[in-house]
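Both complexes shown next keep chain A, but they swap its partner, so chain B is in the first and chain C is in the second.
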Partner chain A sequence: MPSSGRRSRHKSGRSLSRRRALTALLFVAPQVFGLVAFTAVPLVASLVYSFTHWDLVAPSPTFVGMDNWEALFTDDRVPTVLWNTVRFILVGTSTFLVFSLVAALLTFTPRRMVGLYRAAMFLPYVLSQIAVGVVWRWMFNSQSGPVTNIVELITGQSPDWLLDPATAMPSIAMVVTWQTIGYGMTLYIAALQGVPVSLLEASTIDGANRWQRFRHVTVPMISPTIFFLAVTSLIGAFQLFDPVVAMTGASVGSAGPASAGGPSNSTRTIVLYMYNQMFNYNERVSGLGYAAAIAWLLAILIFLVTVVQFIAGSRWVHYEGVSLSRGRRRTRGRR
Partner chain B sequence: MRPLSKATLTGLVVCALTIGITGCSGDDNSPGDDGKSGDAPSTIRVMLWGNDQDISSVKEAAEGFTTAHPNIKIEWESGDCGVDYAACKTLVAGGNLPDAFILGTWSYFDAVRDGVVEDLTEYLADSNTSVADFTPKVISDLTASDGGIYGLPMGYNIQSLFYNKDLFDAAGLAYPPADGSYTYDDLREWAKKLTLDGAGKNAAEASFDAEDVQQWGYFNYAASPIPQGYTPVLAAFGGAILTGENRDVCSADSDETIAGFQWIEDLMWTDHTAITPQLQQEESGDARWIRGQVAMQQGSHEQVAAVQAQSPDMNYGIAALPKGPAGNATLYQAHVWSVAKSSEVKDAAWEFVHYMATEGAGKQMALIPAYKDLAEGEDFALAPNEPEGLVQAQIEPVEWPLTVTNTDPSGVSAIVTSQDGVAPAIEDIITGRKSAKEALGGICASKLDALITGSE
Partner chain C sequence: MANKRERLATVSYHSLMIVLTFAYIFPALWAVSMSLRTNENMFSASQLIPHPVTLEHYARLFEALPDLWRYFANTLVIAILGTAGTLFSSSLAGYALARFRFPGRGLLLITMLITLMVPVHATLIPQYVIFRELGWLNSPLPIIVPMLFGTPFATFFFRQYFLTLPAELEDAAAIDGAGPWRTFFTVMTPLSGPAHLALGLLTFVSLWNSYFVNSIYLARQDSWVLTQALQSMISRYQAQYGAIMAGVTLVSLPVLIAYLFFQRRIVHGISMTGLAN
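Now for the complex of A and B:
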């Protein structure tokens, strides 16, 4: 009975593949459940809420159609908080990318106690942003703050870091860079370790100096990491909240986020404004619905900026043998 | 605007609510239940906030309640509901509001307006407790527009002048009268004589070096800037940020308000006798006062506890705040025991808040009890650890006609005092960037009136 045997083998094969599929499904189920329950559903829910008004205390939301979205596009405070966010991104993201790379280059070569240096650089990353903000608030005090003292020693001036609208946001950006530099450094070190020594040696033989080797070999080889850090740090920068509250909110009383964002509204970011509208204000539109609309505006902006980054990245990001732009394999030797 | 029931939301939203909300709520606190618990054993959930000392003080005060009511068990929780109304909102949305919690005068009317707290008027009548037993001004300020009282005061703190007697003696100055029978001009002159530079010259002398101040005359929390600091000064000058019965009329650019802020700015930047925001960033003025670096500070009864903890031998006194052009004025803020409307054990929760506001008063969160019998007696004002003149400086001023509290019946205060409102102008004043007139002139019409209208 060869045909029956084939059927039996075929059936048992199908049963095996079903069992395997079921096993695979069971393995991924917790992750999928988490993704659906805690990401996808809240994402859709927030979109639905953006068409409602709810102060959290009423028994249920009230459908208000496009009211929140209309209010969002006529709210003259939104451009201000967006501009503040962009100012933070311009300073914070660029300094993070550059200084993390510098830190990685300085600690990349194995030498005595380099592990200690790396650990010290990484340590701030595991600290609470609020705790870091409180400490740096004091570091920036214009009377005897260590940062002020150093600048005063060099320039003879003692800036009012967090009290001056011109310097408050750059000060916050510096703190965030200081705190996250260890994270960027760690990823850069991993990328630098992946740069083939043979390429560096070949370029040396070709007559490239140290800068040329870095510019034309190292940077292209670590460009995927630079790209990854640029995308993720920019997304994080759009969501700036804790450091602003810790460094500019009232240091006493219960004001917290309600009082943060100064001086002269210069550090209020879009997420802080979203919080204010969600919890602090009693304007006609204030509440979960308007906050959800702001959150969606933020999500759309992040998406658009990320798309732009990917398009721009296609010009300078080089995956090993694969161009980001065309997605097809290249042979490095032919270039 | 038609109400949108949960059933009409999309399936995914229902899933979100099911997974995200019911998981942590336990829908066992349905509003509308009268929650009569009788004498049956019951458990009440009580939420506390504050520092460790505050929380221990409340728990210690509640020991008498536990002895008197062995059938009521207390489950303590820590959280920000009350100190920050946002935290109450999230608990309400999750159906997880505790049975009893502490509101502040600043958050009380938010909770009343949202129907989050129980009207205690009937409970008061049933327990034969008279509101006349409490400080009248506090009860009056907690009475809602419907005549209901939605919480009983745990106590209050009030702004007074705390001064270092040794520094006054060294400057050859008489102590400020405890009853506030002096003026803001007097205070300014004292501040000059009490501010010393490195060479020991005071700020009234021509050779005084403002760049080398070693001892300051005055500190006010306006340097932070927080309303508890500047509000009493503005009130004494006849001004305010918001006025009217519902605190929804802009008065931030009145001549009186501008004069009050200018007085503060002058002490910081003309006389160099007051702690500036820059100095405040380095170390808070109240800590400097305890260390003897500041001679006078506007502060509340919390300072008494701070001195006892940090510098028990400090030689200090307290006086009621001075008289301004409009008269004597100050600001008090009360902490208010409230019962959640959604509680299923309201009777037990009422018994608890009633005890804590009456027999248990005077021991919690370093506050002055609003329960009058306790406030002026040996259990509080005349207790050995309290400074002399407490009754004149901190209890009697509550009833001054110009004394204000920080209730917010109309719900506009947060936005008006925020970065969208008057905060940038106040920052300009206290950092000396602009005069009070330049910073505040016309601000009601140009900015604040629209915020008030948009919030009502």
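Now for the complex of A and C:
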């Protein structure tokens, strides 16, 4: 930003700066077109569709007023899919935030071999969620899956993991955590390396023990990263789809997304339900219109949760401290 | 004495970390191992390093899914064209947002920020209708074309990168008589090689791994990508774990190789995304 001001100082003259602005508009033209054509217009169109019924067989959608939106509040599957998402968040997001911090604390000090440990921990993150899901589906297999065997060896008895409605969603959450720890760890490492040693030393002189240093110096200093990870992982959690399809898709017949979500709907997520309705034209309230309403509900929920997080975040996220980055980080916190 | 204690601490740290990381990547190792075992040894706990090694599951995979190469090609086309388009359009926009002052600049930045929060699902249905109207279903176009115009995430990434480059270079190019286009393509683009590489890898990997959007647009089997083929193996092979794990290994191999070669770039790119946001 400062450079743009500087540039116009270099070259005075109205027509020149106008030409520069025109050039800039050409530079951003593809991105602007993309935003309008593939985000803004479809977002509004989606809202319009949510007031219609369309099964794609009829030549065009029929206007049905508030039917789809009313259905959102009377359809008893909606509370189920929302509750499933909450269950996923309770297990998944909390374990992700904690375990990736633990992984970062174990590996943030540069020393021998540490690069290898980090590389291993990051590896699952580059794999596809489908591949990971398929492997873990086997790990959880109730007859000979390694996880089942190990737990049985220790406790004498193992839950049915993906086959039991009580444990299926937490199991999926643990797998997603397993896959994403490397990502959280990477961001935490960058944050931990930014904690000034002088601050830690000062608190040691003041008589703080290890835990107190961690709690009162390290955590506040890395709180912007905790906050960022909490916001982005929650946004991601609301959109859970691929792992559910990989881990709960039927093992007979078609294994496609339509067969996933079991046992007893305990892993059916908002997005999976939207998918179901998008290609389901058998009910009065179904099809593209109802799917559009579900998608909008999802967008609204994400927006509300993010806003609440930003409000709550302003209480516990510390952007001051590192004076150099203060200005920039402040604006980041306000968004 | 202190020295001894230090050494003990080092040894226990490394023992702990070796056990932890091994346990951590065990599922990945186990999957590769299963794909190379004979059927008799499939469920043997002592077969982490398979002996004898067999490739029969890979052979069976290609027999049962003769179109596997096709899925591979479909995935590659989407990943390469999508990545190239994103890099081109987003680096242009990111550069302009970092260096130029123009009307609507603030609005564009805010719109992109809000867009980061909008789930793809909320724009999916109208897009589906349009692409269906255009006859693009079962082709890679619905996935590639939107990416040709850049993504807000990538644009932010490039903007952040260009902000770190000194403006003197462009001033020098301007003195030499280069206009903004030439400056961008001959000076700034070569200079932003690290950003292109990091973001290119991230975009490529995420396209290679993506499933949801593909499962919407690519319903006909000959238009599938690899993740869809892999998903279908669950029921196709039921209890034939050797073949399933061979599929998992094959699909993961290209990104694993990319990860081994560019590990630092990818991880650095990831930590930059944290800052950029």
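Note that in this section the second predicted complex is superposed on the first by the 304 of 335 C-alpha atoms of A that agree within 3 Å, B and C clash if a C-alpha of one lies under 4 Å from a C-alpha of the other, contacts with A are read in each partner's own complex, and residues count from 1 in each chain.
We take it that a contact is a pair of C-beta atoms (placed from the backbone, for glycine too) under 8 Å apart; a residue touches a chain by one contact, two chains touch by 3 or more.
This is a predicted model, so every value here is computed, not measured.
Once both complexes are superposed on chain A, the partners chain B and chain C clash. Shared-chain residue A:Val57: touches chain B; no touch with chain C. By the touch criterion stated above, A:Asn276 is placed in contact with chain B alone, chain C being left untouched. In the superposition on chain A, contact of A:Arg118 is made with chain C only, not with chain B.
Using the contact criterion defined above for the overlaid structures, shared-chain residue A:Asp160 touches chain B, although it does not reach chain C.
Of the two partner chains placed by superposition, chain B and chain C are both touched by A:Ala250. If you count the residues of chain A touched by chain B and by chain C, you find the higher number for C.
In the superposed model, A:Val98 makes contact with neither chain B nor chain C. By the document's definition of touching, both partners, chain B and chain C, reach A:Arg137. When the two complexes are overlaid on their common chain A, residue A:Ala45 makes contact with chain B and with chain C alike.
Of the two partner chains placed by the overlay, neither chain B nor chain C lies in contact with A:Ile311. Overlap of the chain B and chain C interfaces on chain A comprises residues 37, 40-42, 45, 49, 56, 137-138, 144, 250-256, 278. If you check the complex, the residues on chain A that touch chain B are 37, 40-42, 44-45, 48-49, 52-53, 55-57, 60-64, 77, 137-138, 140-145, 160, 162-163, 250-256, 258-265, 268, 276, 278-284, 286. Interface residues of chain B facing chain A in the complex, by the touch rule stated above, are 1-6, 9-10, 12-13, 15-17, 19-20, 80, 83-86, 89-90, 92-93, 104, 106, 114-116, 221, 224-226, 228, 277-279, 281-282, 284, 411-412, 414-415, 417-420, 423-424, 427-428, 431, 451, 454-455. Touching chain C in their complex are the following residues of chain A: 1, 3-8, 10-11, 17, 20-25, 27-28, 30-35, 37-43, 45-46, 49, 56, 106-107, 113, 116-124, 126-131, 134-139, 144, 146, 149, 178, 183, 186-187, 189-190, 225, 228, 232, 235, 238-239, 241-242, 245-246, 249-257, 271, 274-275, 278, 288, 291-292, 295-296, 298-299, 302-303, 306, 332, 335.
Partner chain A is touched in their complex by these residues of chain C: 14, 17, 20-21, 24-28, 30-31, 34, 43, 45, 88-90, 92-93, 95-105, 108, 111-113, 115, 117-129, 132, 146, 148-152, 155, 163, 167, 170-171, 174, 179-181, 184, 205, 208-212, 215-216, 227, 230-236, 238, 241, 244-245, 247-248, 251-252, 255-256, 258-259, 263, 266-267, 270-271, 274-275, 277.
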